[in-house]
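In order of appearance the chains are A, B, C and D, and numbering begins at 1 in each one.
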Amino acid sequence: MKELITSLANRYGVRDWKDLKAGQAACFVDSGRLRDCLRWLRDEAGYAHLSFATAIDQLERGVFTLTYALRNHERGHSLLVHSEIDRTRPVVDSIHRLWAQAWTYQREMKEWYGIDFPGSPRVDEEFVLEGWQGPPMMRRDFDSLAYSDATYAERPGRASSDPAEHMKRELYPEEQA
Amino acid sequence: MSDKHSIPGPLANEGLPLAERGLFCDAPPRQYQRANKITEAFWNWARAQSLWILGFGTGCGAIELRPLMTSRFDMYRYGIQPRPTPRQSSVFVIGGYASVKTLKRIVRSYEQMMGPKFVVALGSCTINGGMYWDSYNTIKRIDQYIPVDVYIAGCMPRPEALLAGFQELKRIIRAGRGEGQNEYARKFEWYKANQKQVIKDWNMPDYNW
Amino acid sequence: MNIKDFIAPFAVWKRAFEKPFTVRKPIDERPGAPRYRGFHINDAKACVGCGSCEAICMNQAIDLVPVAGLPAKEGDSGLRPRVDYGRCCWCALCVDICPSGSLGMSNEYVWVDADPEVFRYTPGVEAKPWDKSELGYRRAEGYRLLDGQRVAMPELDHQAAVQSFLELVRGYSRQQAEREADRCVACGLCVASCPAHMDIPGYIKAVRDGQLDEGLNLLYETNPFPEACGRICTHRCEAACSIGAGTGADGEPADPVAIRWLKRYIADQVELADYGRALPRAEPDSGRRVAVVGAGPGGLAAAYYLRLQGHAVTVLEKDEAGGGMLRYGIPEYRLPYPALDKDIAWIQSLGVDIRYGTAVGVDLSLADLAASHDAVYLSTGLPAPYRLDVPGDDHPRVLDGVAVLAAATRGQSLGLGKTVAVVGGGNVAMDAARTALRAGCAVDILYRRREADMPADPDEIREAKAEGARLVEKAIPLEVKAIPLEVKAIPGDPAGALVAWNEARMVQKEDGQRPVPEPIPGAVHEDRYDSIIAAIGQGPDLAFVAESDGIEIRRFKPVVASDGRTSRATIFAGGDLTNERKDAISAIADGHRAALAMDRLLRAKGN
Amino acid sequence: MSRAKAPYIAPAERAAPDLDSGKYLVMWQGPNHPGITGNMSLRLVIEGDSVVDCETHVGYLHRGFEKLMERRLWMQNFPLVCRIAVPEPDFNEYCYAAALEELAGIEVPDKAVWLRTLSLEMIRLASFLMWIGGQAGAFGHGTIAQWSVTMRDYVLDLFEELTGGRIYHMYIIPGGVRGDVPAGFLRRVLETMDTVRKNLDDIELVMFHNVVYKMRAQGLGYIPPDWVDQYGITGPNARAAGLPRDLRKDLGYLAYPRLSFEPIVGTVSDAFERSRLRLLEMYQSIDLIRQIVDMLPARGAFRAKLPNPLHWKIPAGETYVAAECTRGEYGFYVVSDGGDKPRRVAVRGPSYTHGVALMERLARGVNIADVAGLMVSLHTYPPEIER
């Protein structure tokens, strides 16, 4: 494993290696070297299986963290390769030529987070949504409840009381705050 | 509520490309014309004896239809069976939550069904949003978009509860109270307005028999 | 492909002779499994309306609604959960979390209706066919989402405790406090039962989040004696706590959240020097002057809140230090003086002027005070002990409980002798007994009813017994007698006295009333004690109020409105002097309420 | 029959049919169609009888789980996750619970480990039983579903007794499970296993020794072994191609290291081989369930003490927990930022790759009547694609 960490660091500047548990580790790579790094991992290091690819919105820091989960079946080891990209210019190299199913993940990230993968097949097509007019809905600044309340009618007639407030009203209404 | 969004006059089929507009009906749906009392009672009895449900599993609820239509619960003996196409079906089972994308298909399938037609709605999600009450992609009340005849509580309702629901539906039909279709015709503009409010890309005919 | 592939499928036909799988009458023949999560049931009597079910429900399927016939009362909000089956997902987390254990689920699962509006109901209140269902989901044995067990408080062991006046309870560590605070569900049932209506869920959250400055600020919003109350409060809140409403995973009654200890934890953790960081300073001077009579908790609370509003406050105290009963009535091992001093020091640091050794009615008159100030607050408490009211209660060995405690505070020799009888069942009795134990005496506590009837805090009783006091229940004192001369001659011993008391039995006189003790004829005992401490209560001393002051007094108490105003507009009163509860937190609440009312009065006058 | 001997390899590149030429027909299979698994759809371009091009369209069941989870407390997500894969909910519960336990450093009692294994293996069996009815039905063999769905129902009866729910069990709660086995339960498990096994024997006879089924399934949807990594194929679809990949062995989670079993491997991954392999896995599940019943500890706690669920905060961190469900690698990727709600939960469902990228390729050149059978042979559940 040491060898792998060193090669990755030397070749692609991979940093912050962290063993999450037995058989699973995470590391970071610059987004510009992401595709080459993944290709090397697939072809040379035996991490041939792409479990999934996804993104995390780090709204507070203004970045998206991309996560590519690879698995080396021979060594029984999984690697979560992270890369961070600017939230305002979210563009990453597409890996659809590395894995034949990768374009679906990229299409999903495009729709859900607005992250673009130029060249990826059908990346601009709607994936799970239809006629969606809001912002990419997995972004943390999109409020699902507010959208739902504004869009879908609710059955009226519900009201709830807070126990402390209710008891104040009933038992000591004269008291002021 | 309906006044604000109502569509005036004959249907426009506005969502469709010009070439396709003529392919679809542009008359609004009609209310059912009852026959005389005795004949109608006989027909209602007959309708209740053969509930043909549309085989469109719109949500989780579809999973309990499998046991229902196989040997253990065997709904065929109650005169209930699934049909593959809306044209042959008289009962639409809304299997729980409906995403906007599915709602669009629900509306079209419902409109394609021959009258008299009935809707059974399963579970919390159809009544008031269920566990997806705060989701951006699921509607909360199916009765805003199509009329519903019977609700069955549960998440999911079990096959036995579904059967109970169908029995209730039969009672309603026999009593001549299956008013969903007429309701849809009566409040057609209101339903359309609601539908158009959530289905943002309205690229389908306004009414589609 | 071989011949078998053509023939084998015909094996289906053998099934024609087998019993079919089909259930004949599915709706009737298949009740839900014994654990089935069907429709909700609720024992509306056991439910306390805390809303934990509502809080855990991720579907927002539960509303808390008022129910006719279930008024709000201490420890019960009077609200009951109403379930929306347009939301519910039958996960039963509401059942798992329910502190009182009242929620459950039936194994009933068929509910069909054409009207979508009917699928909402309040289980246990609106009758449903499955209300009586024996089967259905209940929490498994040993399985709870909430922890019914309180984090144990480190305490001195009783053998060591009785040797000194060291503080018994050591206080929570940070980890312990956060773990205990984690048990709270923030329902707020406790708030109503606290006389000061402290924001208990708020400060417990502050403990949980490690925001102690914020916590201290919340404490001081309603109570400027957190160090004292964090130790000796009668904690009615804990009796109301929903967490203590049911049973824990072990089947034992669950412990309420240790609200008092958490309050103490906050105050203990913030140094007095850092109080200024967390707490508000006084407003600019208003030019109004207020006098407060008595520097007990109530008086100083009033002074604190008046001073915060910018009024000049002078507190007159007859004793040589502040705190009133907190200092002179509560022994050091329960409330060490440095803790009390810390509370008082902060109040003083805002500019409250306390004049010790100044007794109103002796050094100056109430009339003078009222004339020289814009408003006066009377919080003189209950300084006059009740007598035993039996023949011989003026015997020199009959001592007053509060006086004994005050002497202990002043470090004076108690001279109790070796054997002591404490008569009474309140906290003063327990304190006196435990003080006597620490003075090396053997102590009997004589109480006229049963232990369960004792007004003292159960912890106090438990500890007094653990420290070696003997509790004699159902003992009615008849007489205190001088010891006959021939017995008395033990040199160096204080002269003792004989206590004659009658064994009693509890008799239910009227239904619904609590039983009363009735002497058992002939069962009279006579025991010799070196000292007899009477601790059966105290009364007010209103000698300093003259008729010309215009304060209406009824049954030895000034008549006050709910905001503490007496019949004279500028004079207010509160605390033990006027209220029924006679504990520190009620006095503080009175002081706060009166301060707000006086502030309104002073502001109105200013314009 | 020739198809069985020389498997047809679907072309890698999409055809670009000229839809205006009149040669082609665009046909939607689904969402309202009996030949589709669940609520999804295929957009097929057809020339004569064969599919020229296929596009999978999903999203009809999209509820935004991953968004909703970010809005809910850690414990509140427990009832939510099982809805992600309706026929096989327990894997969601397990992966979610295990991820939380890992991040929060909670040790699960041994008894709970066994009960979790039992419930996962039981739902594998139930899910396979449902699938096999669909697979046979897709090739016109409706009888199998009449048996297998009832067998599944018998397994669901066991679930109902153990967990209080038929479909959504909500049993594997973070920290352990929600209850011990009821009295007499294990005996009923064994009895049910006997019944299921007997019926599986019949199914094997009638379905797998059936000339119609063989002719239609053999050679259909052939997956060459080198596609497995290229497409991220897992589960029976991969094992049928000869790769012994089974996460129950590879990851050794729960009590699987203490059970004796070997991954079942096929030779040529076509629709027939895949379904045969799944049948063998059902037998394997029955065997495993029997082993579990034998080894289940009689006593012991079934849940670790957890903090108050209303304030539970989980230390910042990330983990990916996977398990072998009937369709392959099912996983939860959970990220915590130290708060009381997840920062991100991503669900990896095997259908995601099987049902979209792989299906689109395999469908090219397939007879239109076989599309449903092909789809089912990949064993896809749409809700886990779109979440």
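One rule holds for everything that comes next: a contact is a pair of C-beta atoms (placed from the backbone, for glycine too) under 8 Å apart; a residue touches a chain by one contact, two chains touch by 3 or more.
Everything numeric in this text was worked out from a predicted model, so none of it was measured.
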| item | value |
| --- | --- |
| Pair exhibiting more inter-chain C-beta contacts, C-D or A-C | C-D |
| Mean-CA-position distance for subunit D and subunit C (Å) | 55 |
| Separation of mean Cα positions, subunit C and subunit A [Å, integer] | 50 |
| Distance from subunit C to subunit B - Cα centre to Cα centre, in angstrom | 58 |
| Gap in Å, rounded to a whole number, between the CA centres of subunit D and subunit A | 23 |
| Of all residues in subunit D, the ones touching two or more other chains | 59, 62, 64, 67-68, 71, 79-80, 146-147, 150, 168 |
| Touching two or more other chains - residues of subunit B | 71-72, 101, 127-129, 131, 133-138, 141, 155, 158 |
| Subunit A residues counted as touching two or more neighbouring chains | 128-130, 137, 142, 144-145, 155 |
| Graph class of chain-chain contacts, one of line, ring, star, complete, other | complete |
| Complex interface listing, subunit B residues touching subunit C | 71-74, 77, 121, 124, 127-131, 133, 141, 143, 148-155, 157-161, 163-165, 167-168, 172, 177 |
| Contact footprint of subunit A on subunit C as seen in their complex | 49-51, 54, 62-66, 71-73, 77-79, 84, 86, 116-117, 120, 187-189, 191-192, 197, 201, 562, 593, 596 |
| Subunit A-touching residues of subunit D, taken from the complex the two chains share | 58-59, 62, 64, 66-68, 70-71, 102, 227, 229-232, 234, 243, 245, 250-251, 317-320, 322, 329, 331, 333, 335, 343-344, 346, 348, 352-353, 356-358, 361, 386 |
| Interface residues, subunit C side, partner subunit D - complex | 1, 4-6, 8-9, 11-12, 15, 21, 32-37, 52, 55-58, 89-93, 96-97, 105, 137, 140-143, 145-147, 182-186, 208 |
| Residue numbers on subunit B that touch subunit D, as the complex places them | 54-60, 62-64, 66-67, 70-72, 82, 84-86, 97, 99, 101-102, 105, 109, 131-132, 134-138, 155-156, 158 |
